[in-house]
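Here come two complexes built around chain A, the first alongside chain B, the second alongside chain C.
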Partner chain A sequence: MEAINNIELKVLPKTILYITLFSVLLPLGVLLIWSFAGSWPWPNLLPKTFSYRVLAELFGGYSGALQVLFSSVLISMVVAFASILISIPAARAIAFYDFLGKDFLQFITLLPVIVPVTAFAMGTQILFIRLNLSDTVIGVVIVHIILCLPYTMKILTEVTEATGNKMERQARVLGATPYQTFRYVTLPLLMPGIIAAGSMAYIISFSQYFLTFLVGGGNIITFSMFMFPYIQSGDRTIASGYSILFIATSLLVFILFETLMKRYYHVEEVYFFN
Partner chain B sequence: MHHSRLKPYWMILPVVVFMGIFIYSILNTLIQSLGILPAAGLNEWTLSYYQAVLFRGDLFPSLQLSLYFSVVSSLLAVILGVLISALAVRTGFTRKKLFQIFKVPIIVPHLVAALLILNLFSQSGIISRVFYQLNWVQSPQQFPSVLFDPYALGIMLAYLWKEVPFVILMVVTIMEKIDGSIGEAAVNLGASKFKTFYRITLPLCLPTIYTSFLLVFAYSFGAFEIPFLLGMTSPKALPVLAYVEFTHPDLAHRPYAMALNGIMVVLSIMLTYVYYRIFKGDQKAKAGGGYQ
Partner chain C sequence: MQELLIQDLHVSLSGKEILKGIHLDIRKGEFISLLGPSGCGKTTLIKTIAGLLQPDQGEIFIRGQNAHLLAPEKRGTVIVFQDLRLFPNLNVIENVEFGMRMKGVSKSLRQQKALILLEKVEMSGFEKRRVNALSGGQKQRVALARAIAAEPSILLLDEPFTSLDVNTKEKMIELVLHLHQDLNMTTVMVTHDQRDALLMSARIAVMSDGQILQYDTSKKVYEAPTSPYIADYFGKTNYLEGMITEGTFRSMLGESLVSLPDGPYRMMIRPNHLRILTKPGDFQILSISFLGDRVNALLRYRDQDLWVTAGPEVELTVGERASLEVDFSKGVFYKKEIKNAI
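== the complex of A and B ==
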């Protein structure tokens, strides 16, 4: 009796875990099949014919998908880079200094993930028209950075607090210049946090639809916006193909990001593919 | 001396500038929701737009709908996420390569999540085809329409697919740490595994669990894509309705959009405040208990 109970206790958790993994993967598998489906009538479980319509659309057609993908990746990389650049000093200030309004700043930097994106997007309109930022890439980059700051600030503040500044002081005592200290001590210590924060910022920016649409006014087309009408109109093959391309591109960017950083900084701990 | 006292302010300056733009935009939304929009000739403060949202028959159902699907899907996501995290930690599953699969939904955008649900659950989707093979339905029309339905099942399924792994990834790290150190001590002292988890590990994970609920709820309450792609035409979710009102050709309609936004802003900030109170209380308890 006890033996049976023990087996059940071991089998049940594993079954639940594998069912969960299956539910994560099944829709993605279906997505992959759809992207190469030619004709797939109900109630067939697999497509009747396969087609390379997506590839033709991508490389042969006039869709401009690849240009959009390229500029979209570029925008998101700029957003990720800028978010990290402005978060590093602010995170240091929070970790090592006492200043007026520190708690308030931490509360405020949390708000962009809490406050609905529609309220933010619609509120920017008058300001951005006045500043000549609406319908521009710079405007889109600015609002994307705002959405990323809660994550980059939180991750980098935690990493900065955890590493402390003893090593930097040591370096300064031993005669390193502020630049050398930053380049050879601070930056490598922060690198795991930078990779995590950068990946997060990249994906937030790359996935953004509504904010880009409203601030970019249909002038600035990112890949998310490009995909949207296909998903909405129900061209399953093209929509699925572009979705696969979206996911693959993100994965590729992360791998690139991590290998580059690892090569230069010998980081062991990484965020996405450890 | 003077220089170093100003230093932290210089360091936070760029972040402050960006947050300034954010706050200014939100204030703009709130001011317009109170009837001040000079461009449309509206110059008098009024609460009438909020009254309309709360009491008008065509606007109030949207608030109900949004609250309903975001509360239910977030609660489910957190319960399932915590449960699966606990199982993964207990069985050592977190150390397996397969566990990394839970990271995949993070990089899948919400609009693709909507497509995944369409592919699976539409009347001609895969599930319906499997039902046919099992002889449960004879035509696509017989398959229950779980998309664009009054119970918002499609919307909630899409959110669950995205948010359960998100909760798992947030909770599992902290749970593993606690379970490894304190949990072991408790088991050594004779507590049962279940008791240890329920009495020690879970309470210590609560701050992270609250945080994940807050993030997931706030997102699903305020996001546009999924309810736009998977919701019914009427009632619409709040963000979708706000967008429709926003694009109304008559500019004088705009305060309705802003009042819808205003309600979302007030609710989400209230929730964040409650969260801070709970979180602060919890930190005190933690400090008192001597765990860190």
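== the complex of A and C ==
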């Protein structure tokens, strides 16, 4: 009886693992096949002919896909960086200090998630027109940051609370100035949270379509906007190609971000990738 | 010159007064203990000395310099916290080097010093280890080496031995004493264990409820506690009620000459200053606890219970009668307050 239970205990997590893996990898595989499909009539299991026109579309230069991809990655990186920059001190204030309106502040940072995006977008659009921020890159970056803050704030507040300030106090009595304490103790200890929050902010910004479209007014084209017509028009081959590029770029940025941070701050705990 | 001088220190934590007027002075190279139960404010006191807490009132002088406006990193006071707080992102030698690195000591010099210190705390060969892979005792050694490497003028130890098993603790005590002798570093140890305090420190400050009750040499604090509270802190003890008239203390156990003003007194006498004699007498043996190197016995005479410590060679049986000799010269007298019943 016990032996059966043990086997069941081992089998169940493995089954879940494989189902998860399958449900993630299967669509990716389909995307990859679609990217190179020439004609794929029903009821064939695999495409009848293959074509490489997606490579010309993506990397040929005439579509401008790579330039948009590059500027889009840059915008999202700036958004991720700025969100973290704002969230670290804000999270410290929430974790370590008691001040008037603390609960209210925590609540309003969550508002962009609670309020429907359309309502949020309209309000922002009107405000940004008044501030001359609409149709500008800065406007797009700001609106992305507002959208990312609930997530980065939540993650970094949790990590800051869990870390506490004990290590910082130890550093101070060992002779570290407040700046040195932040640089050599606080930042490395927060690094898992920073990597998680940064990746989250990056992906939220990178996949943002509606808000970018509204605030950017069509002047600011990001990669997700660039993809949209292809998905809508039904050219599955090109749409799949862009999707693959979208996923691959995000993955590459995550790996780059994490490796750089860990090398710089000597953090050894693995968060996403080894 | 005094390494540390504290005058009338008051400290509050979230509106509650924790330290209520502390006076303390420590000479250079001295080892002192702050002894008291948990919650008496001893950890608050060392945190205030190190500049992690701001006093409401009072002054702290470190090497004659008023520390009021000195940031923690400028004070030269290093705490080894009870929970050790090794930096998890650094390995053993990087932890030890931390203080020197912050002061801008060159890499080769700090590495050289760290290696010497790791050898002193018997942790050679562990340089590249992750700190989370160390045992409790090893972590303690690294924390100690890291503190000493920062070259503090005052080393503050917060309950350094509580989390260790008995054997590790004894080795650590030896190590700390050895390092103290070797480096002559002014050291303040916070502890609730009276045996550690007696064993290690030149002077003991007994604390209770945010105040220092007595600050004197270990011998004095043990043998001549200024209040029954302090006497009780160092273990079981006996109190004899009596009267002093014209220089003679009279109690149910006998008389002795003293030079104190007349009045009602309580005499404190430690169990080891009473001598049990196996010849039958007025005292009934109520209980015996055998502790290997000694025997603790509880004796009763009329309504007076007395704790007595005897050597293991003394043969005692519960329920039998014995007699007792009191060494009145070791007695400590506390005057009883006369309450006017009106």
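Basically, the second predicted complex is superposed on the first by the 245 of 274 C-alpha atoms of A that agree within 3 Å, B and C clash if a C-alpha of one lies under 4 Å from a C-alpha of the other, contacts with A are read in each partner's own complex, and residues count from 1 in each chain.
In this text, contacts are C-beta pairs under 8 Å (C-beta built on N, C-alpha and C of every residue); 3 or more make two chains touch, one makes a residue touch a chain.
Quantities reported herein were computed from a predicted structural model and do not represent experimental measurements.
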Superposition on chain A - do chain B and chain C clash or fit: fit
C-alpha centroid angle, chain C to chain B via chain A, nearest 10°: 100
Which of chain B and chain C A:Q67 touches, first, second, both or neither: neither
First (chain B), second (chain C), both or neither touched by A:G175: second
Chain B versus chain C as contact partner of A:I146, first or second or both or neither: first
Which superposed partner A:T259 touches (first chain B, second chain C, both, neither): neither
Superposed model, chain A: greater residue contact from chain B or chain C: B
First (chain B), second (chain C), both or neither touched by A:N219: neither
Chain B versus chain C as contact partner of A:K166, first or second or both or neither: second
Chain B versus chain C as contact partner of A:S39, first or second or both or neither: neither
Partner chain in contact with A:Q106 - chain B first, chain C second, else both or neither: neither
Touching partner for A:S233 - first (chain B), second (chain C), both, neither: neither
Chain B and chain C, minimum CA distance [Å, superposed model]: 10
Those residues of chain A which chain B touches in one complex and chain C touches in the other: none
List of chain A residues in touch with chain C within their complex: 166-167, 169-178, 180, 184-185, 188-189, 191, 265-268
Parts of chain A lying in touch with chain B, wherever the complex brings them together: 10, 13-14, 16-17, 20-21, 23-28, 30-31, 34, 42-45, 86-87, 89-90, 92-94, 97-99, 105, 107-120, 122-127, 142, 145-146, 149, 153, 203, 206-207, 209-210, 224, 227-228, 231-232, 234, 236, 239-240, 243, 246-247, 250-251, 254, 272-274
Chain B residues touching chain A - in the complex, by the definition given at the top: 7-12, 14-16, 18-19, 21-29, 32, 39, 83-84, 87-88, 90-91, 93, 98, 100-112, 114-120, 124, 126, 128-130, 132-133, 140, 161, 164-165, 214-215, 218-219, 221-225, 229, 238-239, 242-243, 246, 257-258, 261-262, 264-265, 268-269, 271-272, 276
Contact set on chain C toward chain A in their complex: 50-52, 71-73, 75, 77-79, 81, 83, 85, 87-90, 98-99, 101-103, 130, 146-147, 150
